[in-house]
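Next up: some structures, all given as structure tokens.
Presented sequentially are two complexes of subunit A, the first with subunit B as partner and the second with subunit C.
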Partner chain A sequence: MKKIYLIILIIFLTGCTNYNDISNIAVVSSIGISVNGNNYNVYVKVLSSNQENEENIYIKTCTTIDECFNNLSTELMKRLYLTHMDLLILSNNLVKDNYNQIFNFFLNEKSSRGSFTTIIVEHIDNKILETNTTDIKNMLSLSLSTNGITTDITLTDIIKDILNYKISYVPFIKTQNTINVKGYKTIYDENKILTNEESLAINIIKNNIKTFQITIDKNVYKLEQCYTINKVHNDNIEINFYCKYYGNNKSDKNNIENYLTKIITSFTQNNKNNYFEYLLYKYGRNNNIKYNVNINIDYKPNIGGEIFE
Partner chain B sequence: MKEEILNRCGNSTDIIIRTINLKNNVIDCIYSETLSSSSAITNYVLKPISELIIENKNIASTTIINLIKNLLTGSSINELKSIDEAIKNIFLGYTIIIINNKNILSIETKASLDRGINSSSIEVSITGPKDSFTENFNTNLGLIRKRIRNNNLFVKSITLGNESHTKIGICYINGIAEKSLIKKVMEKIIKINNDIIIDGGYITEELSKSTFLPQVNQTERPDLASFALLEGKVCIIVDNSPTVLIIPTFFIDFFHTPDDYYQKNINTTFTRILRFLAFLIAIFLPGYYISVTSFNPTAIPTNLLLNLIEQHTIVPFPAFFEILIMIIAFEILRESDIRIPNKVGSSVSILGGLILGDAAVSAGIISPIMIIVVAISSISALVFSYNSIVNLIRYYRYLILILGMLLGIYGLFIGFGILVINIASTTSFGFPYTYPFVPFIKTDILDSFIKVKSRQNKRNPLLTKNRNR
Partner chain C sequence: MNKEKYTSLEIGILIFFLLNSFTSTITIQLFKNTNTISVILTILLAFVLGLIFMKIIVKLFSDDYLKNLSNIKILNNIIKILLLIGSLGISIYVLLNLSLIIKNVLLTNMSIQVIQLTFLILSTLLAIKGIKSITIAANIMFIVYFIFLIINFSFNLLNVNPINLLPINTSIENVNFFQVFLLTVAPVFMILIIPKKEIIDFNDCKKKSYIFFVLFYIYMIIKILFIISILGDKYYSIVAYPEIEVLKIINIFNFFERLEEILIINIFIENLIVLSLALNYSKEIIKANFNIDNKIYILIDIIVFFSVIKLDIITNFYFYIILTIFIIANILTYKKNKS
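Entry: the complex of A and B
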């Protein structure tokens, strides 16, 4: 009988730890984190249930992220609830140790899901926090479909990349007079802002691009139905990129192929800490990795015609 | 003898004694003026006896009993042996004739105390027949016989209730109903030792003691009782009860309504699925709401969550108490709506439902979403006309609510498990409650939660497979 009482007690006490009444939570929409010396500046945008006052931005400065959240929680007299969070903004000045602490915080926080978009900005201010998250997400997807330089990436993707490759590519945004997407920034083992060409190259290698357009000598070419197949043979990595190009001039095909080959080759030569390198080191391969880039543009002539009356 | 009868009836004012002197013979007619028909007494008793007075003959005391027996024109005349029997017959509406303080005759002179055959008020059908059972045993039996004109429709009568002497009729179709079922029903009914049986509910309670789930179905519709008999079930008619009991009953029976048999299969399927959804909503919605708002706000979309938070901030109680208050208030409202006369019923509904609800929200006692949750859950329960399933929904709603409050979504799954175990472990008179799913009967699945095709004959394969055993 005692066992039954114990089982019932355990079952009923299980619920107590998860009790989370909606009147005691503050729903966080986005978080910004920057460092200032030894301190963290944590910006928290809390969604207001009052329709007149839609959102509130709170700023806390503490030695750890947890401390900032605890202080803010005490101030609001509510638990900060991160499941509905959809944007994490990281500042440009974070280093490896800061990232470790940030990742630990979000992995340990029970209400965090890690499925929110993560971006890096040059400088965190109210302007970027006040910007609608949907607008930022739209900007990222637009930049992918127009010039192919960034994609919407979540914290889970970043952590996965870091665990696998010790490097992750996070969208980088500049906020001066306007908000501009500036390609990727590498984080963790390497902190480097990539150029537009490098950002395009990594998107091609990671098979992120389906449709995009490139500008070569002031001519704009639109490529569609793109995909990448990567093959690894010992120390030889084969990058095969396939795309369809609808145009009027067949010679454009060669221009595009040459241009894309050039930027991918240049990326692999100049970025030794890239997507593949860590994996190959991990499995005991030598340092002389050879890249073989094959760009296959399928030229499709535009069907022209005239309309007769 | 007449004095003894009067004394034993407490000299009740409705017991009337009419004494007729017939030269050397004395005839006492005793009857209850409330239970007997005065015109029947005049026509079948007094008129024939008055003919003897007119003839003014000397009749020997030994022959008068046979003479009166032949003279009386009533359909049922019996010679009684004791005063006990005589008293019992008086209260059945018979007139007792005591001849020379020795012989006792009883003649049927029952008055009709019925309200007549009315349309069904609870199990309403849009297209099907409208007649319903009444409080009269014979009328109820007649309504069934009218539909099954078959000599195999057997009726076994017994009297139950030590004080009420209520007539009970056990009906079944010989050759279709399983003999072991009939025997089991008879045995259980004979064992009932109540002082009083006023309604079929007394029998239901006695037969369903062992389980929480309803094992006996009640219907006020003769067409449904007839369907049940043709399936191989047993029907119990209780005198003075406007409902007939159907044995055995299965969980799926509560999802079927009279209209299911009178409309297209596609329409029936749609409404049955709707009823099943209503059953789940009625039981689980309040518990789900509590578990989601107290344990798993993650499951709520952001905009809705903000809306809910805003509504909750003005309410001083935890969500559980808020919903409990609302459910109890609704139960009280429903109960009062049933009891009060129809003429004031609508005003109570308006006052209780609209004005009080609105005032409670304005006063900040209840949040609007809570009213929506409780209203949807309660309206879903109203889809079912059988009171027993409404009670089942009610108890499970409280159980799931408490589990949801203590354990969140996890509690909801535990509650669902308990419900399934409860249903699966129940048997109705030895037949599994989960028919036709367990045991799986392919032909009947097509007429369960859905209705793809009806059986050509109405016989239930589960009930009739061992019918001769």
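Entry: the complex of A and C
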């Protein structure tokens, strides 16, 4: 009897029942979504099986995102496969309802993983779609280590932020002549493009920064080994930021501390819909929140040699 | 009956797998739309209730568990039918949950019946070999399970955000401790199929059973809070399989990613062991009345397979009733032993 069982098992384990030819699958590498009136414009970059033409870009216009993907699938006569997708590009003109539909689509799509980088651009054009995803990811990580303004954010992070705090900060990119990272854009409850200083403040508050450099009065200061500890006491929020500064002038320490205190204080005053407000809302307290910003820069004299002219 | 001897560690590991039968599939869903304090309270209450029943399980061990269930002949047959319903119910639900996970996460285009048949045949092949072989397989697989568990935890440590577990001082809601108790403790009654005389040191076995019981509940509380601390309570509530969602976000140095397809093997292991045990248990119950050989597995497999196909109309509520019936039927055998 065991032999009969084994024979049946072997038939199922051959994989013939789930056979899928590679030419019947359209492997999606990135997706762009924008809104035009009541219609969605969906841009899909598909990896080509043809060696000459590496990637094809398809554009579909329809009333729902699902419809666009169904139409594209019918047109290509292939099943769209999102597991290898690594970039989602959203346009600047999306609103709360559009985001709901986008999140629902990716949560319900079984082949989607949610771990792809998500960015917002002013206009979705061929330039951004043709750019290599690795280059965009490198730009984002470089902007964090140089100016400290953006970081690589996945769709899962955004959904988690929106479920918890009703707001998320997504990297904003401009593509006029060259592709430039411009900081964060708040989405969902509030749609606002943040300045470089505000974006830096968010990264400090969320403990995203480890090494970065700031420019104060044309002087560039490099800060290293940075971390943030946030404490909540009743309605008081204490933001403690620690960093090491290797320099030649001790007075620079005060300059940096004053500058960072100024940008974080101004961010908390001007952006009432920020991360902390919603965190405290979770605790059931949302009135008269007071912020206490402590910037601690540890000055270390530069022990390297001096360069003489 | 197999004349091989069983060590207390083997029994302990088997108890761990039986306690873990539905953790990744049904139990994990019970902690949705709740908060940290409710999770801890639910597991603690289920633990206390489970500890009482573990004492009963240890006392129920006997040499002729299935041969002479009750002195009254009619009651004897009724208990047997109830035990059969319980064990078949457990196998059906284990198979259903396992096939649904594979269908929804890994093989989206494959027919669900093919997945079910593959795992059913694989488990039957193990069940044919007998309870001792299942125990050895469970022991070997426990090492693999443990290694993968450590990988899962260590690779996800960087994603932990303790702020997701806050606030602690909130109202208590959705404390489904009775369901958690049923889903964890009821399958453990299947361990009684092992005759007491075949356990090398029964006193040590008792001790190991309690140790593995406590270890399992510690493991469960850490696992649930670990997943909530990574996903956040809101995201945990909207995804279908939070445990697999946690595996999906593993990314170490942009090199170790998309590991869920390997790490999901832990769910296969825990379900395969329980499915084989449940099939073997069903066979032993039928065997106690009729002198039959392994061919009865064909009938059991047909019953399980066709029940799983028709199962979309049955809700989990009926499953809890089946588990309660299974526990009651087992407790009824205790009265006989005492008399």
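We take it that the second predicted complex is superposed on the first by the 279 of 309 C-alpha atoms of A that agree within 3 Å, B and C clash if a C-alpha of one lies under 4 Å from a C-alpha of the other, contacts with A are read in each partner's own complex, and residues count from 1 in each chain.
Throughout what follows, a residue touches a chain if its C-beta (ideal position, glycine included) is under 8 Å from a C-beta of that chain, and two chains touch if they have at least 3 such contacts.
Please read these numbers as outputs of a predicted model, since none were measured by experiment.
Trainee: On subunit A, which partner's contacts cover more residues, subunit B's or subunit C's?
Mentor: Result: the larger residue contact count on subunit A belongs to C.
Trainee: Check the residue A:Gly114 against both partner chains and state whether it touches subunit B (first), subunit C (second), both, or neither.
Mentor: second
Trainee: So, does A:Asn20 touch the first partner subunit B, the second partner subunit C, both, or neither?
Mentor: both
Trainee: Just to be sure I read the superposition right, which of the two partners does A:Tyr5 touch: subunit B = first, subunit C = second, or both, or neither?
Mentor: The second partner, subunit C, only.
Trainee: With both complexes overlaid on chain A, does A:Leu47 touch subunit B (first), subunit C (second), both or neither?
Mentor: first
Trainee: Under the contact rule defined above, give the subunit A residues that sit at the interface with subunit B and also at the interface with subunit C.
Mentor: 12, 18, 20, 83, 111, 113.
Trainee: Spell out the residues on subunit C that touch subunit A in their complex, using ranges where they run on.
Mentor: 104-105, 107-111, 114, 117-118, 121-122, 124-125, 128, 163-164, 166-167, 231-232, 234-235, 238-239, 248-249, 251, 257-258, 294-295, 297-298
Trainee: Spell out the part of subunit A that touches subunit B in their complex, as residue ranges.
Mentor: Contacts found on subunit A: 11-12, 14-15, 18-23, 25, 27, 29, 47-51, 81, 83-84, 111, 113.
Trainee: Would you mind writing out the residues of subunit A in touch with subunit C in their complex?
Mentor: Per the touch definition, subunit A meets subunit C at residues 1-2, 5-6, 8-9, 12-13, 17-18, 20, 79, 83, 107, 110-111, 113-115, 154, 156, 159-160, 163-164, 279, 282-284.
Trainee: Which of the residues in subunit B end up touching subunit A in this complex?
Mentor: The touching residues are 293-298, 300, 302, 305-310, 312-313, 315, 318-319, 406-408, 410-411, 414.
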